[in-house]
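Lettered A, B, C, D and E in written order, each chain numbered from 1.
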Amino acid sequence: MSFPKKIVFYFLLLFSAFLLFFPVMYAFMISFMTGGEIMQGKFFPQTFTFDNYFRVFERLPLMKYLINSFVVSAGVMIGQLIVCSMAAYAFVFISFKGRDFIFFLFISTMMIPWEATMIPNFFTIQKLDWTNTYQGLTVPFFALAFGTFLLRQHFKTIPKELFEASQIAGLSRFAFFWRVILPVSKTSLVTLGAYGFLTTWNMYLWPLLVTNNDQVRTVQIGLKQLQSQEVATEWGVVMAGVIVVIIPTLLLLFIGQKQLQKGLTQGALK
Amino acid sequence: ACSNNESKPEPSNPNDEEEGTAESPGKVEINFWHAMSGAGQEALDSIVSDFNSSQDKYTVNAEFQGSYEESLTKLRSVGGTKDAPAITQVFEVGTKFMIDSGYIEPMQSFIDKDNYDLSQLEENILNYYRVDGKLYSMPFNSSTPVMIYNKDAFKEAGLDPEKPPQTFNEVKAAAEKLTKSGEQYGFSMLTYGWFFEQLLATQGGLYVNEENGRAGDATEAVFNGEEGLRVFNFLNDMNKAGTFGNYGTNWDDIRAAFQTGKVAMYMDSSAGVAAAVNNSPFEVGVAFIPYADDIERQGVAIGGASLWMSKGIAEEEQEAAWEFMKYLTTPEVQAKWHIGTGYFAINPAAYDEDIVKAEWEKYPQFKVTVDQLQQTKPSVATQGALISVFPESRQQIVTALENLYQGADPQEVLDQAAEGSNRAIEIANKTKK
Amino acid sequence: MKKVELLNVSKTYDKKTEVISNINVTIEPGEFFVLVGPSGCGKSTMLRMIAGLEDITGGILRIGEKEANHLPPSKRDISMVFQNYALYPHLTVMENIVFGLHVKKIPKLERKTRCNDVAAMLGLSEYLNRKPRELSGGQRQRVALARAIVNEAPICLMDEPLSNLDAKLRAHMRSEIRQIQRRLGITMIYVTHDQVEAMTMGDRIMILHDGKIQQIGKPIDIYNHPANPFVATFIGSPPMNIAEGVMNEMQSEILIADICKIKIPDEDSRLLQTKQVLVGIRPEHIKAASKETSHESRMVVEAINVEILGNETIFSFKVGGHEWTAKWNGQWRLQVGDRIPIQMKYESICLFDRKTNERIKAPTDIENFILDKEVFL
Amino acid sequence: MKESSVSLLAKPSIWKKSLNARTALLYLFPSILLFSVFVFYPMFRTIYLSFFLTDQHGSAALFVGLENYTYLLESQAFRNSIKATILFVLYTVPAGVILALFLALIANEKLRGIGFFRTIYSSTMGISVAASSVVWLFLFHPSVGMFNRFLSLMNLPEVQWLLDPDWALLSVSISTIWLNTGFSFLILLGGLQNIDGYLYESAKIDGAGYWYQLRRITIPMLSPTLFFIITISLINAFQSFGQIDILTKGGPSQATNLIVYSIYREAFVNYQFGTASAQAVFLFLCILIVTILQFKFGERKVHYQ
Amino acid sequence: MKKVELLNVSKTYDKKTEVISNINVTIEPGEFFVLVGPSGCGKSTMLRMIAGLEDITGGILRIGEKEANHLPPSKRDISMVFQNYALYPHLTVMENIVFGLHVKKIPKLERKTRCNDVAAMLGLSEYLNRKPRELSGGQRQRVALARAIVNEAPICLMDEPLSNLDAKLRAHMRSEIRQIQRRLGITMIYVTHDQVEAMTMGDRIMILHDGKIQQIGKPIDIYNHPANPFVATFIGSPPMNIAEGVMNEMQSEILIADICKIKIPDEDSRLLQTKQVLVGIRPEHIKAASKETSHESRMVVEAINVEILGNETIFSFKVGGHEWTAKWNGQWRLQVGDRIPIQMKYESICLFDRKTNERIKAPTDIENFILDKEVFL
């Protein structure tokens, strides 16, 4: 690439990166400011104090929330991986009547607004006596049309000869699934896992509904608890909370970047 | 959707028991659902833990349940069952719903049983929650609206900072003077139905028929009468004149505007006074809310939330809840609450506590809020309206205000809001069992 | 070592058209049996029916003495090598090889020794710990082979195992597979569309076209006595040249594409009964005309393409509407456009009935040498 | 012998067929069960409720037939919601996809340190709606927000981002676009990297310039990915909720009262499950129709390899 | 029609190891120049440097008379056919063909006529409105070709354009490409790793190995006079057999792998100066021993593999540590294990210096026929 062209690209890259990351940087800066500084609308804090962070952890059992969030997100992730991969496996490697219809049915669930189903689901959870439990927070999300779709697309790229070879070797269906399909589809599984983990980590309304106390609550509720309605909000603390909440997911994203990208594209293409 | 309310009579959820194991076995444990976040939660948590350590019979678990709407949604699903929390905090507009719901035990029964002396509490607050002479819930976080103004700006504009405007016309005139085009608006008000209700009440205007819903189920909204129109005209005039700043529906936005000198006068909750004084780089004054010129000032209705006791839970839990509520009303606790949050002390004796005195020393503005409350003339208007679909109706008012600010006709938007509320009321009455 | 027998086997995917129809063949124990035919003729389908990967929709399949129509693949005592190898990409070479043994619960120690033996035999010992993607095409192919061999199944099926390899490796693997099959004495059913593979590897080959058997037999017999024009052009490279011919009863000669006449000897005059024939001649049987060649059987053609391959020269020319090729040994300095006198002998040509496509006459002057006769020992 | 073979053929084939279906069912069982309980059942319940008025406890109280629907269609507020939703979709989807495409294009160049930029661009995927909306709330703040400060620094008139009904939807759209950029970017980048480099070399020999290559090669070759991301973005846009709740609560003047938010408010604040359900059914139909249209017309233009 | 000249060209990707080193060659206008070598030897790299798709890190490239090191690809007057065709999958055949013309802003009408002409020439007229994915491999290949031709660029570069095709189509395309190149008179630089393609298509071929030129010349010359053992075994199929040999000065003979002696005629006795040699002989030069064969030059070998290909028979046997093959015409009824008497003539062998790898002697009895001499006209 020629030199002037390089300059143009670097300029675009830097400029976009700045714009895109500005909100995060801004939140980061505010998290170090005092109430007065924030109201004056500064960008750089006068001194970097960790007061807001101390206060966040003081005010809320944030560690507990983080751990809960982690357990719930990991739980949903694992659940989704199992349920979706099994469904996708059936769609790809077992031919049976009505397969396309059931698949269409699965896909159609992507279009149902979650808000429309939330209240009845809440009652269901209550009937099951699952409020305040991890299963109440996780199980409803195990079946995921997007995930099934993504994995199905990937499974389709696996040569069917692998299936046949293992049939000749005498492998059972499940053994084939377990010992061949899953290991071979690692990238897609990582992708779906990351997707499931992130979306679960970011959930707010559902965890709020099905929990009554701090026992299994997740960190997004904590974020909400930092903001007040009638009484003035302390923005510095809220932003500290925001930073604490996004750091684990950002870290996860940075680490899994490559894998994620690979897996996502496989799903995107027919 | 409530068929599940009669669910299995199992002991309440396992986590409570887990928590209980930490305590000595004889203790009665109750849950307290609240919607206090931010500073309110901080103060509340400390009161609850004080209570828990002040005696060894009861343990209260204060549990945040999201915003008022969210927590009410949850209550609806467990109300009347064993799973219901012993105490629930419900915002004032949910009062009618709670009374009708059948989930709750009226406070009055305990007051009678215990011979509790109600007179020690602030009459004007109790009035709101008293229906047919029965107190249904225990007031908790109560606030009234006040007008907060920028004394420095007053001086600058040649106004007397110690004599804030009182009537609509005075406010308009002052706003005119205070407005500096592009830099500072004279007056602002949060786009929130509560303030409209207050400006209505202080004129003695009613919100709904049937004596503001206190003589029976309201069937029609009447806020679009002359009092309501006055309020809308008041706002509309200033908006047209460019002296009114619109800062939307978010409490923090309007406060920030005031604190950064963008607005010279605005309506706030009494609970916001302390922050306004603290965060503003200028001197802050607090005044009564304005009233229509040719009319006598009636005073304000309270806002905020109260605590409700559940029916259908174990007796000793109700007992515990009652004990906790009594504890809450003690002057010491109320003093602490008042200072921590800016909400009123429901027990006026609290204002004599030293800590309050010290605080008032620092913030003489607090006194104005209490005065306003105590000078209120009790009537159905200042008691506040009772309707089950209040949240929806408030939303109608918000929309009406927003449209007003966009230049719509005051009477028209008001009528639309009334119409919308009527439909909601109608449906609610139709489906009421 | 087991026999495989197909009785009237047929297959249809859509219940309407038969992809394979009425196949009757017995594959003897220890035989190297090659299934050859153009793309889409049903070779894979047939192999997969034998493996149990497709249902047999008609007829009976016997493996050993047992009817096997409904046996699951793992019970058929077969091993199979797939066209694209079907190696498990997440397992190492060793794990790939012992995968089937693992499933069959063979003790670990034995698995290991068997794997090592096979790996040594196929020259894979160095690569046992690599993943398939770290191997070259030829090495992958050998892993697939190893996986089939290690099972010691008496029957081995291979579906175009060499089609992805380059020419050199292919030649090498051809002989390797053949040698392994001989050493182990297994019954091999081998699918290919490459006639060179079919010729060089098979004890017997079966030529399939449109799901029907064209001919079964030893490679050389098929080469020398093709049953129909399809077989004639399919086997042999460059393919046999074909043109329409007309028998002239009067002069007892064949007129090929109106430009060349060939005299029919008296003893073959019975052939004259069919008028419309197809005449075929293999490129190597088209010789340069020499001074001795009679005028009639001589023909002068114009080269339209010349390829000098070092040890042989191939040139092509037009006969009627067909492009014919001739193959001569050695390096011929020919140019495109050169007019080349050639001769065709009656003994070299092959005649088919144009209507029935049946062979009327095979070439008789095959250059068929027997070592003892030709060579001084 | 023939008979025996026929009988042998017939019996197991039925058995085997049902075996396949049964095995498949076994694998699908968890999904089917969960979907039935947590998606289909509530959906049917929603449809059921949409024919009723509900009481204060949210149970069906009064059968009103299609009245909820006719009310909705006549209601100014709901028409407004539809308008807002359509506008929101129009604001967010094309702009979001184009922005992500732009980022993907510049991040697809082989430059030093490109990994850093890719990470930054994909970062919004890891930020929750709740967290980011809080930050945006602050950025949009009428008096202390960065945007207005910047505007006044440039001597431009300040904008009432979330308060002016003309701006509010746009402001919410901006934050939504930002929020969705990470995901779209990652997918589009992946799509770009899947394009065969030979195509560009071939075009280079023909002398095609950057823009020409972009128009004639990159975009068409990316079309399956674009199609995927547009579909997902559409569905997401129709279902955006969190940012509305935090930023505007549907206001000002209902300008941002998207259907999903309206459903939420009807159900959670007003406790009118009947109308909420009717709206939900309506929304479902909308998404379904848009998706079908999208597949029908969009896919024609898509080239699959 | 332009000349392409490489002066001392070299290339390194990582600034350490040279992938291509010191290439000096002039490709004449209108020449069909083939670049051949094993996989990874740098063929594509060299071609891409000529195309301008890779930087040239050393030396000078001239196209026509101009130095072209820094010209952008579009200014080099070239067209290129990529190994995998690089067809635009979203464009129709016609759009693919005229893509370059479109870029060059050639008027629509002319685009159309040129496209139709080329399509007709390559038999693509029927497919103009199809998408590449609806074409067979051979048709795709022709589209790629058409795209290159339609530009009427004086130089055409092709990178293994036939490697994805099956044998039959490949043979056909070979002659087609050759004919088109002749007709248009363009300069062609053609990369392949297939020696048959190199032999049959090139006016001259250049053999590359490890980034270095091994030999440049006419195909036949290279076949007959390979410069080193690498070239000798790379060109010719089956490859030339190679074994270590030792010169015996006393008896003026060569001892091949300790089992066979060949007498060196007196006139060649100067060869005896090198003691350690490599002896090569092409498979077709290994003949069956006949009664006339002298005892010394006769050798009896055991066949370890036999392939009867219909018109020729290939068998292999061990010589020293090497597997040798012999190719005989006709069908020989040989069995594995047969002991076969063969003879090798001094005239047929090729000798290389074991140290320098240089050729000492080429075979002299090449079966080189000139039409006029052999054939009666």
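Details
Simple rule for what comes next: a contact is a pair of C-beta atoms (placed from the backbone, for glycine too) under 8 Å apart; a residue touches a chain by one contact, two chains touch by 3 or more.
In UniProt terms, the chains line up like this: A = Carbohydrate ABC transporter permease; C, E = sn-glycerol-3-phosphate ABC transporter ATP-binding protein UgpC; D = Sugar ABC transporter permease.
Just so it is clear, the structure is predicted and the values come from calculations on it, not from any experiment.
Listing every chain that touches chain A and chain B alike gives D. Path length between chain A and chain C in the chain contact graph, taken as the least number of steps between touching chains: 1.
Most remote chain with respect to chain E, judged by CA-atom centres, is B. The count of contacting C-beta pairs peaks for the chain pair A-D. Rounded to a whole number, the gap between the C-alpha centres of chain A and chain E is 56 angstrom. Rounded to a whole number, the gap between the C-alpha centres of chain C and chain E is 27 angstrom.
As a whole-number value, the distance joining the C-alpha centres of chain A and chain D reads 16 Å.
Residues of chain D found to touch two or more other chains are 58, 143-144, 273, 305. Those residues of chain A in touch with two or more other chains are numbered 39-41, 119-120, 224, 227, 235.
Residue ranges on chain D touching chain E, taken from their complex, read 196, 198-199, 201-208, 212, 216-217, 220-221, 223, 303, 305.
Taken together, the chain B residues at the contact with chain A in this complex read 1, 4, 7-8, 10, 13-16, 18-19, 31, 33, 35-42, 61, 63-68, 70, 73-74, 77-78, 83, 85, 143, 251-252, 255-256, 259-260, 269, 271-272, 275-276, 278-279, 281, 304, 341-342. By the touch criterion stated above, chain A contacts chain B in their complex at residues 35-36, 39-41, 59, 119-120, 122-123, 126-127, 129, 131-133, 205, 208-209, 212-216, 221, 224-235.
Those residues of chain E that touch chain C in the shared complex are 166-167, 171, 174-175, 178-179, 193-194, 196, 199-200, 219-220, 223-224, 235-239, 282-284, 288-291, 293, 305, 307-311, 314, 316, 327-334, 336, 338, 340-341, 366-371, 374-377. Only residues 1-3, 69-70, 73, 76, 97, 100-101, 191, 246-250, 253, 256-257, 260, 262, 388-389, 391-392, 395, 398-399, 402-403, 405-406, 420, 424, 427-428, 430-433 of chain B touch chain D when the two sit together in their complex.
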